[in-house]
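Same chain, two partners: subunit A is paired with subunit B first, then with subunit C.
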Partner chain A sequence: MVNLIAKSPCHGILPITIGSVTLSEEDVGVIHSVSPYKGQKKALSVAMKSAYGMAYPAANRSAGKAGARIVWFGHAQAMLMGPEPNRELSELAAVVDQTDAWAVVRLEGPAVEDVLARLVPVDLRSTSFKRGHTARTLLFHMSASVTRVGEKAFQIMVFRSMAHTLVHDLKRAMEGVASRS
Partner chain B sequence: MRIDGKGLIDRNSPIEFEFDGVSYSGYQGDTLASALLANEQRLMGRSFKYHRPRGVLTAGSEEPNALVTVGQGGTQEPNVRATMQEIYSGLSARSQNRWPSLNFDLLSVNNLAAPFLGAGFYYKTFMWPKSFWEKLYEPIIRRAAGLGALSGQNNSDKYESAYAFCDILVIGAGPTGLMAALIAGRAGADVILADENTLMGGRLLAETDAVDGKAGHIWVDEVLDELRAMDNVRLMTRTTVSGAYDQGTFSALERVLHHTNDRPDGAPLETYWRISAKRSILAAGALERPIAFRDNDRPGIMTAGAVRAYLNHWGVSPGRNITIFGNTNDIHRTARDLLSAGVHVAAVIDSRHDAPLSDDYQVLRGAQVCGSAGRTGLESITVRRASGEDRIHTDCLAMTGGWNPSVHLTCHMNGRPVWDRELAAFVPSPDAVPGMIAAGACNGAFSTAACLRQGIESAKATLTALSLKTPNVSAPDAENAPYEITQLWSVPGRGRAWLDFQNDVTVKDVKQAATENFRSVEHMKRYTTQGMATDQGKNSNVAALAILADATGRGIPETGTTTFRPPYSPIAIAAFGAGAEGSGFKPQRFTTSHHASVARNAPMIEAGLWYRPSYFPKQGETTWRQSCDREVNMVRQAVGVCDVSTLGKIDIQGPDAGAFLDFVYTNVFSTLKVGRVRYGLMLREDGYVMDDGTTARLGENHYVMTTTTAGAGDVMKHLEFVHQGLRPDLDVSFTSVTEQWAQFAVAGPKSRDLLDELIEETIDDESWPFMACGSVQVLGIPGRLFRISFSGEHAYEVAVPASYGASLFDVLSERAEALGGGLYGMEALNVLRIEKGFITHAEIHGRTTAYDVGMGRMVSQKKDCIGKTMSERPGLEEAGRERLVGLKPIGESKQLLAGAHLYNEEAEPVRTSDQGYVTSVCYSPTLETMLGLAFLADGPERYGEIVKMVDHLRGVTTLCEITNPVFFDPDGGRVRG
Partner chain C sequence: MRISCPFCGERDRREFYYRGAAVDLERPLPGAGADVWDAFVYLRENPAGETRELWYHEGGCGAWIVVTRNTVTHEILRTEHASEARS
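Presenting the complex of A and B:
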């Protein structure tokens, strides 16, 4: 019997380094969207806290670290990245496997904010967008999730099908920034 | 003429460049204008309408005359201001609007025809015959009158757009802006200081007055050093803030690489910035205005401020024998600078009767310049005094009619400037742009001392507004000379006195407009074209409206200004659209099978943002029809595989999921058994069909809805709206899983044979009857299987997590080929569904109801749903409505065309006898005929009748039989296996 081979969304096109900034694909493990049922947000938060040490995030916030992260993802939705959701979670929230739905990349380097300033219309200065802050916003023409995961590092998520455009747009911005240094 | 020891240019870095094919030399730091003047090349362009010889008028971005074209082919850029273009090694600039050459321009015959070409000439002359305008007049006029031209090729330069955020945006880095930025920076605010020039400093670089006891440019350098050392201050040079928009948003254009030939790959030529600032300080300075007198447009006549700028900033004297004319104390400053640089000043003509006198040069008080002479440059001027007129030889006239504060940005949100009688100028009205303070010369402060003071005050007020501490700073000592203007707009006399150099508008034109009752300043502008084109009247607006005010017997404040709109100075469309050219226009969505499809030479077609294969050509096939027919036959006879991942998939969970689906679908889903799929129809609020698709019940509280590819986003939005806005009482949650699953249709009599090899579970009619669904193991990977069919064949859709999509696609295509089948694309998919009479958005195009598409009975009578009541409106189910039918050609013509209209056989095919229209057509290799789906009046009641299809555009008429839209296998035996 043949085996199916898994391919990541950015297979063959990442990593790239241009100037001081590196764009690489992140293997964050499994990803599940968690949408609390009516009136269950508090209970869900408690359950998550005890299971993963991370509460259900407030709007525009994320928690955790590489390997186990929870990222606010919009109205009544957060992304649990890393840990397998337990049964209790599914009783309190709609839990949907999104592991293969998103291209997850990491953009890192001294000029990372300059690169994102070419594509993302929100204020990502470290004074107003600190580590753990997250935004659902645009990355050029794409709907994206942008999270600061380090002093000079961001996690960016777009639809898997747009991975090619994501890399194209980021590369263009990275080249523009690198050409100035 | 270059002046030794003057200027901020780098004399150790000489640069060679070309203008009109002639080599010149300048220095690093020169603009094209300063370098040409240093080479005594005064003639730089020809005027727009009359092709009059012109030279520089100014030394800044407001330049109306010295426009050149830079670059060749795709990178050719017209209307570049010579005053802004820095020279670099290899620069090649060309003059514009002349033929055959700048010195000898044949079209200057227009100048002789001037008496006929005044204001409103075109409007009056080219009225008739009407048809001549587009074909004859306009092309001729456009050829004769104009500025630079584009190459017509794609622009190969890279442009960039970017966002920036700050506490305080300081616009302009003259004394005011520098002072404000320094204080804001010291207070710890996040500051952006933007200036359109190469060097910051503004007029301090163009004047010789000391600041804080040192030369102006030294003080500037010290301030800049301090600012550069601050992490919280960002200095943006060559950056023109071009517009003020809502909520502290500003646009700005940064000219990144216009100043060099060294353009690394990926480097942008320009960056278009969107800057969000909590507060802003406008320190945009002021623009000097010319005085209108007869023939005041000869090369060599320029503003006095420009003469000082060329002398002090670039070490160039624009003439050897200079005259000065004006109505403020600035003319004496000009004389002083020129004399101290050793340049001969022939005369100083001060229109003020009480002008100060000088021991160093002759001042003609109460005198006016009333004319000039010279062929392609100034040779002499005529001065009028009470005692008579005198001719004075001169090669450069420095003139000043006073200064206009650059109020533009304060007017971008509908603010109107206020007339200041003492300054004889418009100044900004306070708070015209929320959060913006205008300070310095743009606010009517015309001495350096006043500018520095306003810089401090504006910064302090801004810091206070931001609740930041204000450092204690006192203004440095600086020049504080009185301005003392006496209004002088134009010198009376015969001949043409130019107001708007760029559009060749004279004092007479403005008066003519007033005479012909174009008395509103906005009407005068349109009638005369004053204030149009690249300089937008920066040099002429105020003088023109002053003359209009005079001609109409009104005051200047009553006459008012025209409307200042963004951008402040021209911006290339390429900069606005940076990154969005070509395929950057929108994101591209690729399926997991994309690369495999492209590798098989499948032409890809766009479906929304998605790319899908049209067909998979085999060797020997030369037309799409051959491939398509083969693929259709393959599905009908063996098995075909098609990527259907682009269809929208929405995971719906929650205790009220069933109730919610009953509310959004016309039919019932709460009764659907777990493990079964049902076809659903969704209406809009207005009762028309919105979308269709199948929904599977995977668990008690768990459904997966599919939508059309095009409708996925809209349906998701619709569900969210219905939940949040209409039914928040229901406990249900939606998640798009379109991207999570790679899904493939496996269709045809051998589909089960194919899947049997891949799927662990047993698949037979008992465990997987038509419309069954459930979880399966696909080659060891947890997947989903749906027994559904869009082809009418025994078919399945198999889904695996998208990581495995590419791999499964390869396996499926290989196995299908082994069974005598293979891949099929959108064309075959379309034929298969037309043969079965299945609808797509070609049929549910937004103007059809469930009744129209033959699904009226799907609107359940047992429950309410979105759109139900509205679908029962009078008229939506009445006789005569166009309803879905099938069409088969029966006459001589066998051709059916989508978009064609239907008429009764004997009727004249005109609008009033229209019976309906064709929505989808195909050639059916199965039935060996063309088939069509159409909407026809009372269609389903007319099966067997003949109707005439007429395509008026393509000239095709075909007689058709009206049939049931289900052409093939009407009892559905094949789909059940």
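Presenting the complex of A and C:
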């Protein structure tokens, strides 16, 4: 019997710290996309609230904390990260396992906004992008999901196949910011 | 150029992919006849002024958006989610 070993998307290349910023891989557990069926958004929100204490998120918003998070991911789509979805959820929404499809990293440190400002064409400063805010946008040339999860911490998600490119691009921006400080 | 996505808010043009005139929303029936289909596939207005186009928020939320803009002033007058613009 072959013994298969699970490898995370950024296995062997993270964590790294350059200057004041640290990039590390996040183990968020299982990830499911949740897309409410027509007219079921409200009922889904109520069901999620009672099951996980988090309502279905409004556009550009996320809720929860490490271990159980819901992140808005586009029109009629959110990502449930951490908890296993229950049966009631799949009666109100299309629930699809995405666990192995996404690379999830955490970028943290005093200069984190300067690093992301080099790559992301959205204003991520705390004046306009507060904790719990999320954006589907670009990170350099990649389609990404960027969420502020702490005062100086962001969660970034890209397709798993882009994991090494993500680390390469972030590393280069981190080096650029560090060399100027 | 900045385009307002109905979901994400105002974003840079680089996040969007351009599809063309918003005629795709009024696709003719299969039996509409050769003339109607010829017009749908090949004939486009080229207005100096207001135009309705389909844009795709590729580097963002993935929504198809109907953008009404002025080709002379580059002003964007209106943006709406394609499924709502159609109904």
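Please note the rule applied: the second predicted complex is superposed on the first by the 181 of 181 C-alpha atoms of A that agree within 3 Å, B and C clash if a C-alpha of one lies under 4 Å from a C-alpha of the other, contacts with A are read in each partner's own complex, and residues count from 1 in each chain.
Note that a residue touches a chain if its C-beta (ideal position, glycine included) is under 8 Å from a C-beta of that chain, and two chains touch if they have at least 3 such contacts.
All values derive from a computational prediction rather than experimental measurement.
Touch criterion met: A:Met162 reaches subunit B, while subunit C stays clear of it.
Looking at the shared chain after the overlay, A:Ser181 reaches neither subunit B nor subunit C.
In the superposition on chain A, contact is made by A:Arg136 with subunit C only, not with subunit B. By the document's definition of touching, of the two partners only subunit C reaches A:Ala59; subunit B does not. Shared-chain residue A:Trp102: touches subunit B; no touch with subunit C. Contacts of A:Leu4 after superposition: subunit B is touched, whereas subunit C is not reached.
Residue by residue along subunit A, subunit B and subunit C are tallied for touches, and B comes out ahead.
According to the touch criterion, the shared surface of subunit A, contacted by subunit B in one complex and subunit C in the other, consists of residues 75, 121-122. On the subunit A side of its complex with subunit B, the touching residues are 1-9, 18, 33, 35, 37-38, 75-77, 93-94, 96-102, 117-118, 120-123, 125, 127-128, 140-142, 159-165, 168-169, 172-173, 175-176, 178-180. Taken in their complex, subunit C has these residues touching subunit A: 7-9, 11-12, 14-15, 58-63, 81. Residues of subunit A touching subunit C in their complex: 59-60, 73-75, 121-122, 135-138, 143. Touching subunit A in their complex are the following residues of subunit B: 158, 160-165, 190, 256, 264-268, 271, 274, 276, 579-580, 584, 586-592, 609-610, 651, 653-655, 720, 724, 731, 733, 735-741, 778-781, 800-808, 811.
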